[in-house]
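Each chain gets a letter, A, B and C, in the order it is written, and its residues are counted from 1.
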Amino acid sequence: MGVEVKNLSKEFNTAQGVHVAVKGVSFEVEEGSLSALLGPSGSGKSTVLRMIAGLETPDSGEVFLNGEAVCHLPPQKRGVGFVFQNYALFKHLKVSENISFGLKLKKVPAEEAQARVEELLVLFGLAGLGERYPHQLSGGQRQRVALARALAPKPKVLLLDEPFGAVDAKIREELRDWLRKLHEDIHVTSLMVTHDQEEALEICDKIVVMNQGLIEQVGKPEEIYNTPASEFVAHFVGSMNIVETKAKAKQVNVGPYRFETEKFDDIEKGDPVKLFFRPQDIYLSSNLKIYRSHGTIERVSFLGINMKVELKSEEGFRFFAIIPQYIFQREGFKEGQVVSYHIEEMSYLNLREGGEIKKFTVSNYL
Amino acid sequence: MLLKKTKGFKPLLITIVFVYLLWLLGLPLWTLIQEAYQEGWTKISQELFSLEVLRAFGLTLLLCLSAVVFNGIFGTALALVLVRQNFRGKSLIFGLLDLPFAISAVVVGYALILLFGHGGILAGMAEALGIRLVFSVPGMVIATLFVTFPFVVRELLPVLQELGEEQEQAAATLGASPRQIFFSVTLPNIKWPLLYGLSLSFARALGEFGAVLVVGAGIAGFTETATIFVFRALEERMYAGAYGASLLLILLSLILLISMEAVKKAKN
Amino acid sequence: MKRSNKASPAWQFSGSGLRLIALSYLVLLVVLPLSAIFYDGFREGLFTFLENILRPSAWAALKLSLWTAAVMALFNGMMGTLTAYVLVRYDFWGKSFLNTIVDLPFAIPSLVTGVMLVALYGPEGFLGEFLQEGLGLRILFAPPAIVIALLFINFPVVVRSVQPVLEELDPSQEEAAATLGASPWRIFRSVIFPAIRPATWTGVLLSFARALGEFGAVVVVAGNLPLFSQTAAVYVWGEIESENRLGASAMSIVLLAVSFLLVLLVDWLQTRRRAVHAT
């Protein structure tokens, strides 16, 4: 087992009073995996990471690294590598000295340390930069030095706090791919904190979604994306159309869609219901006979390979669809045009009952 | 671009400042050099190389070095505690940092006499430890520390604040002990401001007069510092000694001032 | 992320040991000696304290210190602000030299300042002879010498307080006022001075506080005649020499109390300045 966190809680005293940052959080990270703590800022994810590293003391709960309880240990004795959001490179030390910092403290013989530094410089694409100082490097290079420094002493666990938060979008993507590859090479148990769902979905084996100090969902990227367990996850991970409506006698209406409530045994007449559907799950056609529902294109935006199309249905509810560029071109969509559409997959949440979001396929609409 | 009206103002204001400084700072300095010159360099060097004067400068040097050592250690510790820790009454301590600039040196010396002198509150303790603190060098060291303690702290507070904790935390996760963190991460990052604060302490200790006079009583050859010697020489109308020692003190201060400017440049 | 106010783990300089050492040092070095003075001064009760402070020589010394310091502080406030303005807004030959010279009084021992002034204004001195013989003005060993000495040693205080604030002040405001036809004096009064006023007052109060307790420069030039040219600090020294503890303690308490008050006031001014700056 790599990292296990049991019932961690943490409060901070601020000028505004007590702020509960983490409220009884438990999860596991498998050995050798790359996992993410995903959530908006202020969700408590960084605090959890810092408690695992020993940089914060939990008020209650326990952290296990490879099965060993470590909360009584200072960070020096936990054997974790930590990568800070703003790199926290030692400004007064050269790149090579930064990387060898942890090796020296472990009393690794000078020659061996030297060899390890050289090896890491090459592995991290920093060959020839060993004699530079951090301020002479680009953002991406600094990030890689920070990683090399954390990995040099061969930590049991690698913790990354928003590792790509401070670099440009382009370099961000490169670093992301590179980190995935690196992880496939060295297989060190890694846990990263990020607010970028795309990043987490793309490179992680497992995602822990946090919000307001609580865990919303733990799962593989596909699970998180395809079957969000809560409204928060549905909203936060990926794009989502959300429509609120009320169940009438025997049916729920969303625009032209009428779902018979007999099919959903947990919905009764008068229940407030929220419906979720992904913009990718909407089909559009300029031929009004293809699909049954009709709407007007209000706005079109260019996303690259896809197009974002904002629609207003005949019944007056608004949502957006994302369709591939070639279909958009073929159908010749324009703003103001009336089109037909179909929503293939929806999930719903009964607000009266709460609980999990349930998914259904829309084949039986009237 | 200011309008033409203000143009005539510029030379006027600059002239006023120059004339004022010439009168306030330049003229006295020039007079001192002039007077010393009239006394003659041979006479001055004779006076300066007497055992008493050498001892006085030696004692001043000792006080300056104590200020550097103690402020280096305790000033840095205090700055770290103030920036990195939270505790009740912290703002009170920030208030204390301003006090030595505002308190009369005589009062500082007197406070130490009250504390350690005959019948003083801590006189018994000092006696038990076998240290004589009044009319002696150790007392003068304490007085010097009192008047110099804010310099290092004040220089370090903003720098430590700006440095932040992340580099220190990074070192901790890499296995560095608090001592190793301090010497290999924190200290290299604050060395120039620290050096600047220490030079300020040194300069202040070099020129301190009132506090060390009161607590040490200025016994010639024993508790007489360079400034106290100048004072005695003036009282006894030994002008060659007074002017010579004054010039030497100014020279030392100037060297310090110039090297401090260099440190300031390195600091930025 | 917000910092914890609670005890952090023992990985850094958060040990209570370090705090204990640092704070004990401060208490032993500063708090204890100062409390000793208050303890000693009020030992015989408030009446004795008042009696000691209201003695004619003591009262006169206090008054002398207060008015010389006040005259100096106001004049210094004017000249210091002017110097800071010239240093920040104008470019001229010798500017960097002038900027360095400003700190000279901080570097020169205050006693040496006294020696220089004695040489200049003394009966045989260059200016002293001229003023005494020619104009019948007595500077040395009289209150005017005290004011001059205080001016010398406090010159950098106002300059260094005002200078950084002026540097941050956007000159475009002055230019805007000038294009609107405001006279230079008007610009200063309505644009510049309101912005630097807290800094000027900080400098004025700090130099006043320093002047009130000044000893080295004053003791040499003042002549120290009781009731005429003996300042409060010199009075304390005299009382210590003549082993009149109550007299020395009473005056020390007054000086300390004023220092405390001024430090608090300056602190308040600076927080206010920061608050204004932040908005």
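Note that in this section a residue touches a chain if its C-beta (ideal position, glycine included) is under 8 Å from a C-beta of that chain, and two chains touch if they have at least 3 such contacts.
Remember, it's a predicted structure, so these values are computed and weren't measured experimentally.
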item	value
Steps needed, at minimum, to go from chain A to chain B via contacts	1
Most extensive contact between chains (C-beta pair count)	B-C
Chain centre separation in whole Å, for chain B relative to chain A (CA means)	56
Distance between chain centroids, defined by C-alpha means - chain B, chain C (Å)	16
Centroid spacing, where centroids are CA-atom means, of chain A and chain C in whole angstrom	59
Junction residues of chain A, two or more chains touched	54-55, 74-76
For chain B, residues that touch 2 or more chains besides their own	169, 172
Residues of chain C engaged with two or more neighbouring chains	3, 5, 10-11
Chain B contact footprint on chain A (complex, rising order)	53-55, 74-78, 80-82, 84, 86, 88-93, 101-102, 105-106, 149-150, 153
Contact footprint of chain A on chain B as seen in their complex	166-167, 169-177, 180, 184-185, 188-189
Touching residues on chain C, where the partner in the complex is chain B	3, 5, 10-15, 18-19, 21-23, 25-26, 29-34, 36-37, 39-40, 79, 82-83, 85-86, 90, 92, 98, 100-101, 103-113, 115-120, 125-127, 148, 151-152, 155, 174-175, 178-179, 183-184, 187, 206, 209-210, 212-216, 219-220, 232-234, 236-237, 240, 245, 248-249, 252, 255-256, 259-260, 262-264, 266-267
Residue ranges of chain B in contact with chain C within the complex	1-3, 5-6, 9-10, 13-14, 16-18, 20-21, 24-25, 27-29, 31-32, 34-35, 74, 77-78, 80-81, 84-87, 93-96, 98-115, 120-122, 142, 145-146, 149, 165, 168-169, 172, 178, 181-182, 186, 203, 206-210, 213-214, 227, 230-231, 234, 242-243, 246, 249-250, 253-254, 256-257, 261
